[in-house]
Amino acid sequence: GADTTDVATGRVFAPPSVRTAAREAGVDPASVSGSGPGGRITAADLRAAIDARARSTDDDGR
Amino acid sequence: MQATIIEAINDALHEEMASDDRTVVFGEDVAESGGVFRATEGLLEEFGEDRVLDTPLSEIAIVGAAIGLAAHGYRPVAEIQFSGFLPPAFDQLVTNASRIRWRTRGEITAPMTVRTPYGAGVRALEHHSESLEAAYGHIPGLKVAIPSTPADAKGMLTSAIRDPDPVLFMEPKHVYRSFREEVPEGEHTTPLGEAAVRREGRDVTVIAWGAMMHNTLEALAELPDVDAEVIDLRSISPLDRETVVESVRKTGRCVVVHEAAKSGGFAGELIATINDEALAYLEAPVRRVTGFDTPVPLLSMEDYYIPHPPRIEEAIAETVEY
Amino acid sequence: MNEQSRPESPGSTDADVAAVSERDVDVATHRVVDADGSVVDPEAVPDLADDRFLDLYRWMVLQRTFDERATKLQRRGLLGTYASGQGQEASIIGSAFALTDDDWIFPYGREAGALLMHGLSMRDLLLYWRGVEDASRMEGANVFGFAISIGSHIPVATGKAWGQKLDGSDAVSFVNLGDGATSTGAFHEGINFAGVLGVPAVFFTQNNQYAISMPFEEQTAADTVAQKAIAYGMDGIRVDGNDVLAVYNAVATARERALAGDPVLVEAVTYRRAAHTTSDDPTRYREDEEVEEWERRDPVERYRSFLADRGLLEAVDEEAIREEVSELFDEAVAAADAYPERDVAELFRYVHAEPTPELERQLEEFRDLLDR
Amino acid sequence: MNEQSRPESPGSTDADVAAVSERDVDVATHRVVDADGSVVDPEAVPDLADDRFLDLYRWMVLQRTFDERATKLQRRGLLGTYASGQGQEASIIGSAFALTDDDWIFPYGREAGALLMHGLSMRDLLLYWRGVEDASRMEGANVFGFAISIGSHIPVATGKAWGQKLDGSDAVSFVNLGDGATSTGAFHEGINFAGVLGVPAVFFTQNNQYAISMPFEEQTAADTVAQKAIAYGMDGIRVDGNDVLAVYNAVATARERALAGDPVLVEAVTYRRAAHTTSDDPTRYREDEEVEEWERRDPVERYRSFLADRGLLEAVDEEAIREEVSELFDEAVAAADAYPERDVAELFRYVHAEPTPELERQLEEFRDLLDR
Amino acid sequence: MQATIIEAINDALHEEMASDDRTVVFGEDVAESGGVFRATEGLLEEFGEDRVLDTPLSEIAIVGAAIGLAAHGYRPVAEIQFSGFLPPAFDQLVTNASRIRWRTRGEITAPMTVRTPYGAGVRALEHHSESLEAAYGHIPGLKVAIPSTPADAKGMLTSAIRDPDPVLFMEPKHVYRSFREEVPEGEHTTPLGEAAVRREGRDVTVIAWGAMMHNTLEALAELPDVDAEVIDLRSISPLDRETVVESVRKTGRCVVVHEAAKSGGFAGELIATINDEALAYLEAPVRRVTGFDTPVPLLSMEDYYIPHPPRIEEAIAETVEY
């Protein structure tokens, strides 16, 4: 499987649905670290990133 | 009534011959002997030799004459004994049948049906097992329909015969007799160009047609935890993009199963369609489970070639887990 | 089996094994008017009124004039590739004159006069050669589309004739084809099936001696096209294709037999004097002498001699006919020029009886782009 | 042109237009031994040594025995669909006996004895009918694959014969085909081209009266296959296909002419006594009486009469031949049974000379799955 | 030397005829008249009538005889005058050419080339303008090659003739003479089965072949700000998936351009390949710019049909901006 090979340098590796969700959430997928096979960003990774951002904006807001 | 696919086809032919006397059935061995698969059994006796004819061994002439006869106002239903013997008539499909309406701006049309058993699994000789629906489906103006159930076989064949344009009707011979199912008596039509959702589900969309529908269902039986949506494509052309797209938007995952070789196979068009209109919903690559990029082997290796349930099962499982 | 029982090789025999071959077959060529213009067989002159004899002439001149004008129009860039019937006027006109408007004509390209005779408008014929799809409606005429893919129409015509037979109609399918077409699988399958079905079809081969650059002698090892009928248990008629009356006789005869259930293969022996099409340069593959030789056998001239013999020549004003045709041609060009440009939607229509959603989408997207 | 100048319809003529037709052709059927077993023409008996006459007989019995055994094997589920040559032994064996091992044979299915005669092993023949691809190597024999797609091999054989001609070799391409195959476009194009090229090809039609259920009379309106040669400017030889010596003569003659640059179409008139294949039920489309009629014309019996006439019958021990063949058959079955199962990799080999990365990937993935 | 595509093809034929006397060229009008497009000009004069032959009007026989001649050890290069007249010989490709090696386990092979001009744009008659590469590319065992430049035309044709297996060589006739380019003199081969990256770039991958390469480059000339990577696919079968995948993984965006009808066209296989191996890199759906799902029209509407540069331009711009 190609998905197990290395991510091309500088490219984000995420299924279209995750990309879409990131776009909708205003998250730059490049800032999310992937935990899936080959470094793929999973839906969970994105959710975590969104949560983290929410937490940090909360922090900032406080 | 309960009927197999082949019985349903025979029933549809009887019904249409009776309901429209412009319907003419011909092909190699269809009259006197009732067809090598018995699809046309009893027609000669019932409708006579003007309307049920054995032809010379001439695929070009069978398809070509069907075009002319249709253009003249009849409703020819030609049989090509095995789809492996349709390639000699490829030119008649490309050059004449598919474009006669277009070329003449609707003045001359070809409301004809070419029936042909296709696919592997019946331990036949070379060239008896091919699936070239992707090549035929690429010809603008030619409809390509493939039933997978007895009821659809009857309904879709009836619609094909009544269709104002040429329809290539590919019959999954491997499952001609493998099961019986309730088939409506009397007139029964099923619209062409519409896929059927055989089973609703949320985890993954599985698309198949013809005999592969059954291998797919077998595979799913081994995956009780997977809530699959199963689409019986039924129509290669025109393609029911809407049903496919809607389903994949819902499930985000998809597996396409076909018997034909992978490269250039019809899964490509389906994946392109998903790419066009459901890409953003995809949670995993669409998996293809197909025949290999080899000729269909003779019977000793035939089972290797056909996408068997374990291959399908693995692809579904991996797609769901992706 | 042991090695010894295998045959000594090769087998040989002194037996006199009889064979059948074309040498056993005498293929006569039907002729009414000789190459020098004299009537060969007065009995064979068709029993037509004088007017009709003159009409035949008019149509031949029309064919020739149309071909000339169309070729010129193409040279001026006002027509697409054009295929002329020059030299084949007797074949084209003589055959068409034996048909009725109810018959179906399957043309393959050079039969301008035949189609105009049976109801097609000159405008539409020009539009066809301008690549306007509408022309293929063949409005007003029982004409199938031009069989540009050589031979491909033959089995279709068999099917059409089958329909005519089932209907019990008294019309035939009249199939034009060239000598090149006789080598196609479609020819073989279509004609064999017609023979089996006994349908009212006439397969009319204009053997103009060439398929583009390929001379008939190399197209097949058979000496004639007509003898190929034997392969189908059919009658084959060979006729001098530069003798319009002979062609008329041959096709009238074939048509009658076809209606009686015996399809016929007719070979009209003629010559393509023009280039294959306006994109061809025949000097690459044939000698001027040959062309000149056939110029001397000109079908129009020959028929003039016949008319003269018959005392009908005074009634002919060739210049007037040419002028009349030219006027019609000018009008047709004007009408073709005035033909409204087709909307892009035309491209997407008629693929099926009902447009598919996909086709509608493609049209819509394309229109959007064009509108920008 | 004005309405008036259009033709009165339809054209008609009193002229007597000559036609050529099969009625003009006398197609003789070459015969050496009559249906009742007596020699028709002593001159025509091939000049073979007594041993050779006996060998011919052995091969005919082999063909018959092989067909019987193979059919039984199929019934027991130990063979795929099988196509028997029963009734056609004289055609199959008589023709093969006139060929050399250097000739190339294009079979279409029923020619077991011919292939075995020219070097194929019985094991491989059985493996073929078991659907084992390796058998199509046709090891030890100049045999092209079986032409399962009817007629498709004919143009290929023309190409092969073209190569033989270019090489200046003294071998021919020997093409087996059935009466059904004569209706295909491939037959027409392949044979016409062979005629034009003048290649060393013999087109050997076993007219066994049926194409599955379609009787020859409805396959074409032509009375014979041999006359179709006329369409190609070729010699056509018609021979009694149940007369092994006549077939031998015909093919030996055809072979010589073909080598001299004149390909020949041979028609052996015979009968398929068995079902079309083991999946066919011929009682659906033909009468027992007809089959019985042809049983009376049995080629093996007829040849026995000849041998008896010739004083050679004592030298024949039919039982012994049958037993010998049966033993060979048993051994071949055992060898076929012992043939190792093909690894899945075989499916992916030989698609191209070099496997593509895609094919390697497909094999690898599939192997992974199978290994699980 | 500077040469057009047609000159380069003619040059390759001359070279191969000279270097291997098993090479035989035949087809309709190829000898005496030098071919309707002049591809075979001068061959008859130089190599004689045993090796350069005009054939009857018999596409089945041309392809069929090529198979037999190749099987016998020759190197036939057959011409089908226009690809619209290849369908009559489809059966010979499917049934014999493509599988002869496979069927006989390598004992008999068919090292043959079928050359055929394809595609629209030359104002020709009906059937003269089709592009059916997707159908041919779906036949296992048949290679399908399409050059777009003079140098490739020469190199790939030489490789095709030398290839141990059958190659269908489709020539983009629309650009036969539209430009000259440096072409290596003497022996020159270009491997089959390899795409060429015509231009490197990071914004988007544009894949095209044949005449569409040129329309693509025209379109890109209008988009100076787009840093496009341009792939000339060159080989439909075998498909160079690696080059495609690598590029799309880099750019994340892709446009496929072909002249053939959209549905069932070869873009489907490319999109499926991208789906298989580069889906997770996609920033936008892959766009197809193709012929429409109609017959190729006669000349008055031909320009509508062919993907013209503005259509391509729009698709690229939208993909980059997606």
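To keep things simple, chains are lettered A, B, C, D and E as they appear, and every chain counts its residues starting from 1.
Here, a residue touches a chain if its C-beta (ideal position, glycine included) is under 8 Å from a C-beta of that chain, and two chains touch if they have at least 3 such contacts.
Computed from a prediction, not measured in an experiment: that's the story for all the values here.
Chains that touch both subunit A and subunit B are the following: E.
Across all inter-chain contacts, the pair with the most C-beta pairs is C-D. Using the average of C-alpha coordinates as each chain's centre, A ends up farthest from subunit D. The chain with its CA mean position farthest from that of subunit C is A.
A straight line joining the Cα centres of subunit B and subunit D is 34 Å long.
A straight line joining the Cα centres of subunit B and subunit E is 30 Å long. One finds 70 Å separating the Cα centroids of subunit A and subunit C.
Residue positions 55-56, 58-61, 84, 88, 91, 95, 102-103, 126-127, 140-141, 238-239, 263, 276-277, 279-280, 282, 292-295 of subunit E are each in touch with at least two other chains.
Annotation for subunit A: residues 3, 15-16, 19 touch two or more other chains. Contact of a single residue of subunit D with at least two other chains is seen at positions 133, 145, 149, 152, 183-186, 189, 192-193, 196, 218-220, 351, 356, 358.
Chain pairs that touch, as defined above: A-B, A-E, B-C, B-D, B-E, C-D, C-E, D-E.
Subunit B meets subunit D in the complex at residues 28-29, 32-34, 36, 54-61, 84-85, 88, 123-128, 262-263, 292-295, 297-302, 304-305, 310-311, 314. Those residues of subunit B whose C-beta lies close enough to touch subunit E in the complex are 84, 87-88, 90-91, 94-95, 98-99, 102-103, 126-127, 130, 132, 134-135, 137-138, 140-141, 236-239, 260-261, 263-272, 274-276, 279-280, 282, 284-286, 288, 292-295. Interface residues of subunit C, counted against subunit E in their complex, comprise 80-81, 130-133, 145-146, 148-152, 180-181, 183-186, 211-214, 218-220, 279-280, 284-285, 342, 344, 346-348, 351, 356, 358-359, 362-363, 366, 369. Note for the complex: subunit C touches subunit D at residues 1, 4-22, 24-28, 30, 32, 41, 43-47, 51-52, 55, 58-59, 62, 96-103, 116-118, 183-189, 192-193, 195-196, 198, 218-223, 226-239, 248-253, 255-256, 264, 324-325, 328.
In the complex of the two chains, the subunit D residues touching subunit E come out as 133-134, 136-139, 144-145, 149, 152-164, 166-167, 173, 185-186, 189-190, 192-193, 196, 349-353, 356-358.
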